[in-house]
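For reference, chains read A, B, C, D and E in written order, and residue numbers begin at 1 within each chain.
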Amino acid sequence: MIVLETQNLTKQFGGLTAVNAVSMTINQGDIVGLIGPNGAGKTTFVNAISGLNPPTSGKVTFFGEDTTGLTPEQMCKKGLSRTFQIPSPFPKMTAIESVMTASIFGNAPGVVKDPVQHSREMLDFVEFPMAEDVLSEQLNTVQLKRLDLARALASHPKLLFMDEMASGLSEGELSDIMRILDKISRKGISILMIEHIMQLIMAVCNRLLCIQFGTKIAEGPTQEVANDPRVTKAYLGSAD
Amino acid sequence: MLLEIKELDAGYGYLQILRKVSLNVDKGEYVCIVGPNGAGKSTTMKTIAGLISPMAGSITFNGEEITGLPAYQITQKGIAFVSEEMNLFVNMSVQENLLMGAYIIRDKNVQKERLEFVFDLFPRLAERKTQLAGTMSGGERKMLAIGRGMMSDPTLMLVDEPSFGLAPQLTASVFESLEVLRKTGVTIMLVEQNVTTTLSITDRGYVLENGKVGLEGKSSDLLNDAYVKKVFLGV
Amino acid sequence: MSDNLKDKIAWMKSAKGITILGSIFLALFATINSGPYVLVNTIITGGMLALVSTGLTLMLGVLNIAMFAHGEFFMIGSLSAYYVFTPISNYTAMHPDSFLVTWGPMVAIFTSMVVGAIAGIIAEFLVFRPLRKRAAENWVMNSFLLTVGLSVLLVNLHQLIFGADFKGIVRYWGGMPFSFADVFISRDRVISFCLSAFIVFLFWAFMTYTRTGRAIRAVSQDATGAQIVGINIETIVLMTISLSCALAGVAGGSLLFMYPSYPTMGLEPLYMAWFVVILSGLGNILGAVAGAFMVALLKVVTVEYVGAGWDFVVPSILIMLILIFKPSGIFGSEVRGVLDT
Amino acid sequence: AGKSIAVGVLGPFTGPSAQTGEEFKASVQMAMEAIDYTVGDYKIDVVWVDSQSDPAKAAGAYAEAVEGKGIQAGVLNWHSSVAISVMDVAAQYKVPHMFGFGASEVVNQKWQADPEKYSYWGGKGWPVPAKLEKNYVEALNNAVKAGIWTPKKKIAAIYGEDTDWGRSAGGSYKKALEASGWEIFAEEYFPATQTDFYPLLSKFKKAGVSAVMGTSTSPAALTSFVKQFSEVGLKSVLVASGLGWIGDWYKMTGPASDYVLDSIPQLTTPEAQQWAKDVKAKVGFNPSPSAGGLSYDGIRMFIKILNRTYEKYSVLDKESIHKVMVEEVNTGQLTYGKKDGAIIMNEYKYTPETMPDMVVSSDAYFFPILQYKAGKGSIIFPDVWKVKEFEPKK
Amino acid sequence: METTNTVQSSPAWGTLLGKIGFNPAGILCVFLLMALPFIPPFNQEYLLRWLIYAAFIATLSVGFDFTSGYINIVNFGYAAVAGYGGYTSALLAVNLNISPWIGIFIGGANAAVLGLIIGMISLRLRGIFAACLSWFFGLALMGLATKLVWLTRGPLGLRTPRMFETESNIPFYYLIIVLLILTYVICKMVVNSKMGLAFKAIGQNMDAARTSGINPVFYRVFNFTLSCALAGILGGFYGHYYGILTPEVMHTTKTVEVLAVAYIGGRGSLWGGAVVAFPFIFLMEIIRSTLSHLPGLNLVIYALMLILVMIYYPGGFSHFFDVHIRQSKNKILRILTGNA
């Protein structure tokens, strides 16, 4: 089943075309990696779909329904959650309160009977390393990202966008993230993840989408894309 | 000895993070600090840069005691800091940000030279000279932050997680540019998560855990250390 | 060529373009419809507003202080100008050939600037610095409340020390009013307009081209970043506050001929300055100047076509409308700062 | 020994009208010092009741003065809005209060709705503006009739501060002007804090008005108006009612005030001039005949009432004072005039018909119209007091 | 009066009271307020007047904190909204002879509409911009009240009938205390429900709140509407108690009074301002009346207090209470504050 489809999605900032006519699809159960050089337009692309910064033109279809230009809260209610590249917490709320916002107001308002319990489960699920009543403003970047993930999951998404979840992790810690990703995927949630750590991408993604200068340069199974010369040239560079 | 840290205690408010941390860096050396999240790597850097005043211990730079000096004086003494959060001037253009990096240099010509040096290093910045820093992508900002740090022609550069959020190609080029920098005689102290890469490019390393220095030694030795392998590389 | 044209059309369609073109159109219309005095009054009033608002912009944009006591520094300026100018004018009444006839007012206005700056420095040491040292969090709201307290304090100290009576002067510079196109303007107005234009220009040049000016802007955007590049923030903050208060003070001093000094005189200039600053967007000096002329135009046109007293209602409604469409002000940057969280 | 009575003085001692408060204070202190704070064998304690120009705070402060400080009577007040709320407090505690200046019609309406209850709010110190302000129009019309002045067009503009005072005065100009065949070009009210009148005056100038009439109690506004009037080159007659109520007005307007019409009780008697000098020596600014002078007369009349009460009942308390107020003051028996040393008006006299206002006429409470030149005013109206003819601006 | 900070820790004593935001100490306060008119020296009418004014400001500060403490927008035109409600009720009473008892609620409803409008037009604005928008809105309202003389009589003042035809202040006192408690309970129940979480979320981070599925439009507008409705009712009370309305009641300085009380009381607590208003306003009045020969000195002291509190205790009284009393080792205090 097709979860998400974009057709010629375009986003312009003044004269700059940050995303240029990108079409792609995500199928049920996919873990899609979105890669591309810095400033390629990945975050912008995700923002345009999730409603934070609506697209200039093009079309977004979510489970067969045209959702172009819907607001983030509408998208959330339809089952699309996301995390932020630059962590974006509720500074004066405790960790559990932050997660509760999503369990109460997210995609499944009626389903969650006990939001407190549910939020606690979510924090456990993402292996949040701190106490649940720590104030968000006291967390460091990595902890915040974990919290952000718990919040995104608490709203019962069908599709999850993750913007650079693994940045700042050491190789050892990558395995934690992989484990969590695996758990998420096993819940039947499809994932689109923006990531620069190739090690992680190669390990978990079944498909890749690579954009450069806002334009799609490759889409397909992971190995195929990773070996695509255009991708190597544009993204992986001489490092690989 | 260019930088000598003795028994440093530091933290935030009443919360102590660093406990008796001692490190030293020789002129021209390329030193790294690695360690798990929350170990206190950034705290160490911030303390050296003067953004946090230490609770105890001493820091000497070039034989001169700089413990507790305010950040701007430390910068004037030749230490540049590229922070994890980047701390860019979001409403200024790329070029203005870079020029601010050369704030302590008064000579216009030297400023220009530095600017060209940085633009050579990061052509993307040259392309986006007039864009506001606040509208740049995450990776672009990182480049700008490093570029700004280089503008003051420092003796010692403290670089906190430069690869954070950078595409592989750029990560490589950032490390390359640090290498170039080092060849020009700049001493570099690097904090990184990517232990393998870090230890393979630096001369010497410290492993920080729970605010204490756990191990230290030549990078190549650390890379082969069983403990490091187990904890950081998940091997 | 066509690209150029496209850019121009895009500019015209932007909020900036629409408001600027709209203002010009409105000004032209009113001038043709009613007479050149509309234009002249707008320019003169705008110049005075610019002086009051640039100081406020500085406070807001650089230090993130939503200054509520700006009018009180205006009051301090006018009070000191009064005490300096009164003996001077008594002297010149006896000695009409003295150089003080021309330079006396300048002395008074200059004093108001210096006293304003000193008052600002005192405020920084006694009020703002202790707050900054103690708690950085919630700075915007806490510092705002602090300025509310400061405002009440200064108003009532004025009353306790200097009394509540109105302290005014007849004029700064004597002589016939200037006249062109059947519009008469007093010398005081013309000279204080020129003075404010000059000061605003100097200030703008200072902020844009000098090292210190750039440092001030840097601190406004990221204090840690500023420290990292070697800026001593304490000095910059001190300087910014004194500069802002000096601007308010010199505005009060140079407008003494119009606004006699009394304890609660600050509210009106405060309102006006806030109108301008919010309309034009925070921390943008040239924007504030343009905004000052727009607000002046709105005031003048409202008086002309709606009636006196409405020059409060109509502009505020219009500014609200503009804010609805352009939330960060006409010349405001899209990048969010501390003040809008 | 040891008998004393506390008297409340209600005024805006802080806030935007604090200058009026200071004038009140100076007047009361001087009047009291003159009698050494004694009436009969009573010592008078003066209690300052700060209205802060706010009806809510004034009511609280007044009640506190009654209960906490035990005031038995009150005098003065400046704002109509304060009068409305404090009237109820005075009635509640049955404390007689005299000579409040809250002038406008609301006060009269409220008073007349229940004269019994509000008998504690005694005669006002200022009549509704309509009774005084129409005189300007009469003076001007007389000048036209006498051929001294030939206005180009019979068009007038009305301005005023946007307060109860400004609006009711403006309303009375309008009525009187329209009744005598003038056309009103505009009626403009501005906030009392406004000081920039160029746009307004330019508009008047363009319309070619022959008379500009208005008032403000705000020194900043009115002096600016007068100055800018001459700066923009308007050639019409200017009525700036209340300019002279500002003690130091000439220091602010200078020659711009030449030819301006004002209605102001002059400090004609030697006592009055002595009083002005004394005040200046005491507080450092020239008092205004209106706020300072009238309040001086008000408090002195009040002292007269106290003396009378003491004479009649040998006690000074709220009941006895109220009785005298109702029986003798409001009936017109007890008046206060030049023979008692009044410095401003010929006579302050209340009658049941005029209450809560006083009798307004040229031998009682009256503001003559005068015209300024070089800072000095000469009476041009009424004819009986006239020292000079009206002189149009050239 | 207040109980819990976070939603999950439900109070140990009486859930019903807990739901409406009272703990034993709060109940004690309420009883105290109820009994106050019979306890000397407060049985004196003039002190009742102060109490009424204090309760008026206290109630306004609760409504004000409901917006500023939760969705983080300072409604700088709050007094103007209150005045608008007051004028509505007064005009109905004067022109249509509608009883003030009905009028104040119509005034509240009318102010709610205004709140709806302010909420809608300030939607895209954040922080200081939204505050300024509501400020300008307030200024415009005050301007209209001044200029529409045919309707409001402008500065001439609109005389309004009083709610009780009695000289005594006691009925007014109980009325305002009831309004205070109702306002507090309503606001508290709202913020203790899931709505409170939504308010906090959009107040602290709009983007994150939206991606969690919170519709900021609804919650922001709802918040403004409710707090403005409360202000409108209070404005009606003001008019029908003092018997006069002038545009001055809408002045920024009135908002500043409310704001000072709310902040000294502690942001985001609702009860802080309500508790602090009484001693604070009393203190000011006492200083004013004992130092009446130095007019303005009380305001100098007021200003100094505000400055000192902001510098040395920016969390305000509620924060102080939470840190030093609620979490104190003293058992009695803990029982009183419902933390036993």
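Throughout what follows, contacts are C-beta pairs under 8 Å (C-beta built on N, C-alpha and C of every residue); 3 or more make two chains touch, one makes a residue touch a chain.
Because the structure is predicted, anything quoted here is derived from the model rather than measured.
Chemist: Along touching chains only, what is the step distance from subunit C to subunit E?
Modeler: Graph distance in the chain contact network comes out at 1.
Chemist: Chains touching subunit B and subunit E alike, please list them.
Modeler: A, C
Chemist: If you tally the C-beta contacts, which comes out ahead, C-D or B-C?
Modeler: Top pair by contacting C-beta pairs is C-D.
Chemist: Please compute the C-alpha centroid of subunit A, do the same for subunit E, then give the distance between them in whole Å.
Modeler: The answer is 43 Å.
Chemist: I'd like to verify one number: the distance from the centre of subunit B to the centre of subunit D, where each centre is the average of its C-alpha atoms, in whole angstrom.
Modeler: 75
Chemist: In angstrom, rounded to a whole number, how far apart do the mean CA points of subunit A and subunit B lie?
Modeler: For subunit A versus subunit B, the centre distance works out to 29 Å.
Chemist: Name the residues of subunit C that each touch 2 or more other chains.
Modeler: Those would be 156, 159, 267, 309, 312.
Chemist: Considering subunit D alone, which of its residues make contact with at least two other chains?
Modeler: 14, 18, 21, 162, 189, 191
Chemist: Hey, which residues of subunit E end up touching subunit D in the complex?
Modeler: 44-47, 49-50, 53, 56, 146-147, 149, 153-157, 159, 162, 167, 238, 242-244, 246, 248, 285, 288-289, 292-293, 295-296, 299
Chemist: Sort out for me which residues of subunit B touch subunit C in the complex.
Modeler: Answer in residue numbers: 49-51, 70-73, 75-76, 80-81, 83, 85-92, 96, 99-104, 106, 132, 134-135, 148-149, 151-152.
Chemist: Which of the residues in subunit A come into contact with subunit B in the complex?
Modeler: It comes out as residues 13, 35-40, 43, 85-86, 140-143, 164, 167-175, 196, 198, 234-240.
Chemist: Enumerate the contact residues on subunit E facing subunit A in the complex.
Modeler: Residues of subunit E touching subunit A: 6-8, 194, 197-198, 200-201, 204-205, 207-216.
Chemist: Under the definition above, what is the set of subunit C residues touching subunit D in their complex?
Modeler: Touching subunit D from subunit C are residues 34-35, 37-38, 41, 44-45, 156, 159, 163-166, 168-171, 177, 179, 183-186, 189, 257-260, 262-265, 267-268, 299-300, 303-304, 307-309, 311-312.
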